[in-house]
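Each structure below appears as structure tokens.
There are two complexes below, and they share chain A, which is joined by chain B in the first and by chain C in the second.
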Partner chain A sequence: MQSLLPHLERITGPRWVRHRRAELATYAMDGLPTRESPPAAVVMPGTREEVIAIVRELHRAGVPWVARGAGTGLSGGAVADPAAVMITLTRLNRILSIDPARRRAVVEPGAVNARLSEAALPFGLAYAPDPSSQAACTLGGNVAENAGGPHCLKYGVTANHITELEVVLPDGSTARLGSRGGEAWGPDLVGLFVGSEGMFGIAVEITTRLVPLPRAVRTSLADFGSIRAASEAVSAIIASGIVPAALEMMDQVCVRAVEASIYAAGYPTDAAAVLLVELDGSEEAVVGDGAVVDNLLAQHGARSITSASSPAERARLWQGRKKAFGAMGRLAPDLAVQDAVVPRSALPAVLDAVGAIGRRHELVVSNVFHAGDGNLHPNISFDRRDAQLAARVHQASGEIMEACVAAGGSITGEHGVGSDKRDYMPLIFDAATLDAMCAVRRVFDPLERANPGKVLPIHACREWRAGGVA
Partner chain B sequence: MSDAVLTRLRALLGSAGVEREADGLPRATPDSSESFAQVCHVASEEGWRIRLEGQGTWLPADAPAELALSTRALDQVVSVSPADLVATVQAGAPLDEVRRRLADQGMWLALDPPGRPDRSIGSILATATAGPLRYGFGSVRDHVLGCAVVTGDGRIVRAGGRVVKNVAGYDVTKLHVGGFGGFGVITEVHLRLRALPRADVTFTALGPRDRLAAAARAIGAASLSPSALEMFSPALAAEAEWMLAARLTGTDSAVVGEARRLSATGDVTWQQLRADRSAAFWGLTARAALAGPITLRLGVLPDGLEETIDLVGHDLDEGLVSAGGMGGLRWTGTTSVERLRSLRRAMAAREIPMTIERAPWEVRREIGHFGAYREGVGQLVSKLREAFDPKGALQVALEGSG
Partner chain C sequence: MTGEERSNSGRTAVGSGASEPADSHDRFPTAVRQLSDRSSTAVPPLPDPLAPCVHCGFCLPACPTYLATGDESDSPRGRIVLMRALALGELPPTDDALAEHLDACLGCRGCEPVCPSGVQYGRGLEIARARLAEVRGLTPLARIVLGVFRRAWLWRPAFTAARWLRGTGLFGVVAGEGRMGFAAGMVAATTRHCEARSDEAIGSPRHPIASSAAPWPPRNAGRPTVLLFRGCVMDTLFTHVHDATRRTLEINGYDVVEADGQVCCGALHDHAGDVAAAKALAERNVRALADRADYVVVDSAGCGALLKDYGHLLGTEAAAAFGAKVRDVSELLAAAGPVPPGPLDLDVVYDAPCHLQHAQGVHAEPLRVLSAIPGLRLRMLPGSDKCCGSAGIYSLLKPDMARAVLDMKIAEIAAALPRPAYVTTGNPGCLMQIGAGLRAAGVPIHVVHPVELLDWAYLNSE
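So, the complex of A and B:
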């Protein structure tokens, strides 16, 4: 490793290579509180050419590496073990072009999600996927995780908004995937790359779609006396065929945390759960669907419904939701943010089960999530210095995953597998499918040097090598 | 040879699962993913080449092979969950049958691919042939939550899942949607559904091509949200002029409002189709893709439509052209391998991918569905094929001979 550093410094200049213990501590974790490991060194390229040169150098030296954006990931994806070099992409943060007529933007991977929408706003356009971390997370990280957000219910997740990628493969060669228009050029390798969690290479140039801002928007906040009633309202809205722009739920623990914080949004603290429903589109559609939705909410026991159409009032209704994670920092030093998906009709039963698991393990579980997609985030507040408590959190998390899978769901809807969920993969994929994933990974990275140890369980990947089954 | 293959297949599947095609080729029609896997495994071991078939309505069954493998016995709608707007369907199920089943329960698969209404779901996925509804609902892959695939050497891969949001593991489904079967046979799919719209209205306008194209762009710029917006050449529309067609779906009041704005946009005169004619209209325009032996699509952006149509008209025949309001152009007609090669070169120079969706084997073999790839991609694709079909059993011409 020591012999590698001068080579890296020659590429980026010594200022952009970090290797002292204290400097590395910043990079020892991402948003996941349970995994901590400093890399061997951190290198911060400032250009696409430097990325290529660094990857080539690491390939030559046989050193594994981990790409990192803002480090907000919640599955431990951007954490490297002490033998690996971290390649941090935050200096590559330019928005290279915005083409309003074609509704496309071209960005560097370190560009921050929210900056792109801000840049598109003067043209009446936006970048649709809006993770709650959008003020910090990068588009490269979004591509790697196939990130979602509240408005992905109607507009689709990251994968639906990326048309073209330039990637640096783990051997230092480059490939151009997709096309500006969005039609795959050959097999859909953009679709395959999005969500590959930094294991197929580094995206160095990203072309995204931009969507026009809706003509009319209406946001409503409804509060409920029980979580079950709120989740039944969600199922009823989905079954009605209306596709809201967003349909989010927060439970009482979460509402109280927000209302006690500087982000207080005026949510009713005696509610067992609140729903935020946003409708957008043409004026007639918003009014028509709004009446139907209000009716469904009332039928399912909403105690009150507050609606807003002006941007300022809507922002106030959203504020509590957007700041929920920040506010929950008040409850305990650490928050295990879980992520799973269930069929939407199963929401009431699964939320009951999650509540019961929390009570059984005597844990504080709060729910703030993308209800319209069935994408749960049961969050467990804890203190990682308390080993016994951390063990209970781990146990409860596993039980929650099992409950979601038993309901026909998935172990992650947007945060990725990383190192955190790796051991749950066999819950939803059989051996042959895991092996196929290993085979795909080796197509991009035959030497398994890009983000090693993530996503795929260690014992997977044997059968494929051994040959056919049947 | 063919007798030995037939005997072997009968031993695997029983005589009901094996027959002979018109040209004498043994055709296996297994009725489960597992028996598909057995056939692929044996074929791969024996070095037999496999010709993949669905309902046989889209791609001609003409690839040279030792056996044909058809999904037509895999034609069941396995499950439909109205509350979740998700269905699981076997790959050989004909689209019209699936549509009927869903409509009975108030649901809709918002896909209107070119070709006959009884095309198999598997063929629509494998060729990623989306129709005019891509304007409002995206391309084929956007409707697919997961699928089961049998690889060339007989493994069953179950990619994705049955929920609408899912990032567990790599998104292997994407490789198979639009992979033309080169990475395995799709045997079962999980589909994302929508509620059947209460109102579904179609408007058409006739006029000179460039005026209609400008109107289509104006509709996009005004952020109207038709579910389909497609321009048809005179030959395709069977009219004296070009035609622009817009399909509005949703609630009654939303459609009325959108129709009002539509008529105020662009320098064209809209006619509303009679309600009882609109399904037939879209069905006919879809079927037009079968009017010639070759169908191709070009991934062009909306501002390049006119130039691209000119180039296609110059390099190929007039043919039948269908062009999407958000870009994407489909051409059907008769032409030569040489002309297709030269068009593909001209398109590549403009960064426009050209995919052969349908053509006789002599054409596919020469120029492939995709032809040459962009920088760095060729080696990835060939390694992916090796991973999913190590013995090269699947007779699919992705690249052609160059």
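So, the complex of A and C:
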């Protein structure tokens, strides 16, 4: 590894190669503090050409690597083994072009999600996928994880908004996938690359769709005396055929943490659960659907319904929801963020089961999630210095996953598998399916050097044991 | 607005419908139950100011050094990792990389107001820097600079000489790029401007000032008294700002008094980890200024932030009582109205000093004061929540990073349309840093303290 550093420094300049112990410690985790491992070195390319040169050099040296954006992911995906080099892409953060007529933007991978929507705003456009970390997370990371967000219920996830990618493959060659117009012939390689969690290469140029801002928006807050009542209201809204722009739920633990923070949004703290329902579209549709939704909420026991009366109030309601995960530090120093999807009809039963698992293990479990598409985020607050407690958290996380799978769900909705969910993969895929995934991976990365040890259980893929995978 | 008002505003009950007790979380530990008390938005105090960090990364886009480098070692989240490692002994204070990245923190605390968990980053940094200074000592340059600010007989002649040279116009001529050009630009940026129709203030004898030695109660019974904190840079290079502070406060119904024996506030020392020097200066200031007036007024945000925090620094009741009386000049002016001034036909952008917005939590007051000026077209500078790179003596100790941070600020100012005539901000470091940056970039926009604008507007009153 020491012999590699001068080569990397020649590419980027020594300022952009980090290898001292303290510096590596700051790259040892992503947004999930339970997976900690410092990389061998961190290299920060400033141009597309430097990315290519770095990947070629690592290929030549036979050194595995992990690409990272802002490190806000929640599955331990952008964390590198001590034998792997981390390639941090935050310096490639330009928005290269915005084409308002064709509603397309071209960005570098380190461009921040929220900056793109800000840049598109003067044209009456926005980038739709809005993960809660959008103020910090990068579009390259969004592509790797196929990131979701509250508004993906109506507008679709990252995969639905990427039309073309220029990627650097693990051998340092480059390829263009898809087309700017979005109508490519042949297999959907963009669809394959988006969500590949850094195992297929690095997207160095990303073409996204932009969507027109809705003419009317109505954001409502409803609060309930029980989680079950709130989940039944969610099922009823979806069953009515109305597709809200977003439909989010937060339970009491979560609401109280948010309300104690600077992002306090006025959520009632005595409610067992609150729902945020956003409708958008034409003025008439929003008013019409709004009446139906209010009626359904009331029928299912909403104690009160408030609609934001101004854009500022709407922003406040959303800030509370989007910063909720960060506010959980008020409960305990560590947070295990879970992510699973269940059929929406199963929501009430699964939430009951999650609550029971938490009580059985005597853990603080809070729920903040995309109720409209059944994407759960049960979060467990704990202190990892307490080894016995950490073991209970691990146990409870596994049981929650099993409960979701048993209800017909999946082990991740939007955070990815990374290292955190890797061991749950056999819960939903048989050996033949995992083998097929490995085969696809080897098309892009025959030597399995890009983000090794993630997503696919080790025994399924070729063994990679350079430094012992966590 | 209180939290209580917020949670009740505009809600309409639409049915009772509780099928389960709302408080179904009684089995959860105490920490959760404490949160049910909405009456106080304060977090239960934790022994470790950094403990609430869950590593979410929401602070990254608020950090000027992270924005300049993209390097997590230069981000709040990364530095929290380093500070925790230092506290736990996982990394020693002698670790050069650790010290380098903690030193590279501006201390602007822009990460604090965006943190959902309320991590007290500034307090954590204070502890870490004190520990580093204790073991490693200060760098020679920091020792020299802080030594000068500790001794009025050193800084006063130095700054007075600079002011005299400024009068010759020399600094304005040589201001520009390069270390020396930038330094010249910093002094040139302290030059007084005036946009009032008749500039009576220039050359007029200083208003007679009541001294704290004057008989108590002061001249105008019933008018609140305010004691002007003079500081060091403010009292030499920015005397015109002090004059404007005094005049505008008098117009707004305050009696401004003076007190001898005050010294540098100690903020520069405190931020660098030289806590002993900061305490010594603070003790002298408390002795000189306590109980002399209803308020202590400060027109330098950096000084004001520490003066308000003397209670924490010194840990005495006298210091805490003193801190409770400290006000930024904009707070007093906004509280008084301010009295309607004359017009100013100017485009102005406001850039909030970090130690006003993040450290003191003063946001609306300067804007309310400036909005009172008829004809003034006031805008917030985009990115006003970000530091300009001045950060006390940071720009001297870390010139490269300071410039990288400043360049982002200058780019925002240069892009502002319509082009403003002035950038206004209430802190001497920011005034000098931004002023020098604008000169180096060849952008013909001047910098001015908000009270100067109000002062000009009063000069324009009929």
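The working rule: the second predicted complex is superposed on the first by the 458 of 470 C-alpha atoms of A that agree within 3 Å, B and C clash if a C-alpha of one lies under 4 Å from a C-alpha of the other, contacts with A are read in each partner's own complex, and residues count from 1 in each chain.
As a working rule, contacts are C-beta pairs under 8 Å (C-beta built on N, C-alpha and C of every residue); 3 or more make two chains touch, one makes a residue touch a chain.
Predicted model, so just to flag it, every value in this text is computed and none were measured.
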Superposed partners chain B and chain C on chain A - clash or fit: fit
First (chain B), second (chain C), both or neither touched by A:Asp171: neither
Touching partner for A:Glu183 - first (chain B), second (chain C), both, neither: first
Touched partner set for A:Val194, first chain B, second chain C, both or neither: first
Touched partner set for A:Glu402, first chain B, second chain C, both or neither: neither
First (chain B), second (chain C), both or neither touched by A:Ala260: second
Which of chain B and chain C A:Asp386 touches, first, second, both or neither: neither
Angle, in degrees and to the nearest 10, that opens at chain A between the C-alpha centres of chain B and chain C: 140
First (chain B), second (chain C), both or neither touched by A:Ile411: first
Touched partner set for A:Glu448, first chain B, second chain C, both or neither: neither
Lowest C-alpha to C-alpha distance for chain C against chain B (Å): 21
Complex interface listing, chain A residues touching chain C: 18, 20-23, 25-33, 44, 70-72, 88, 90-91, 93, 110, 112, 114, 133, 135-137, 224-229, 252-253, 256-272, 294, 297-298, 300-307, 309, 323-335, 355, 359, 362, 364
Of all residues in chain C, those that touch chain A in their complex: 3, 6-7, 9-25, 27-29, 31-32, 35-36, 38, 41, 43, 51-61, 69-73, 75, 77-79, 81-82, 85, 90-91, 95-98, 101, 113-119
List of chain B residues in touch with chain A within their complex: 37-38, 40-41, 44-45, 81-86, 106, 128, 138-139, 141-142, 151, 153-159, 161-172, 174-175, 177-179, 182-183, 194-197, 223, 225, 250-254, 256-258, 261, 297-303, 327-328, 351-353, 355, 370, 373-377, 380-381, 383-384, 387-388, 398
In the complex with chain B, residue positions of chain A that touch it: 101-102, 124, 145-146, 148, 152, 156-157, 159-160, 169, 173-177, 179-189, 191-192, 194-196, 212-215, 235, 238-243, 281-285, 287-289, 341-345, 370, 373-375, 408-417, 421, 425, 428-430, 432-437, 439-444, 455-456, 464, 467-470
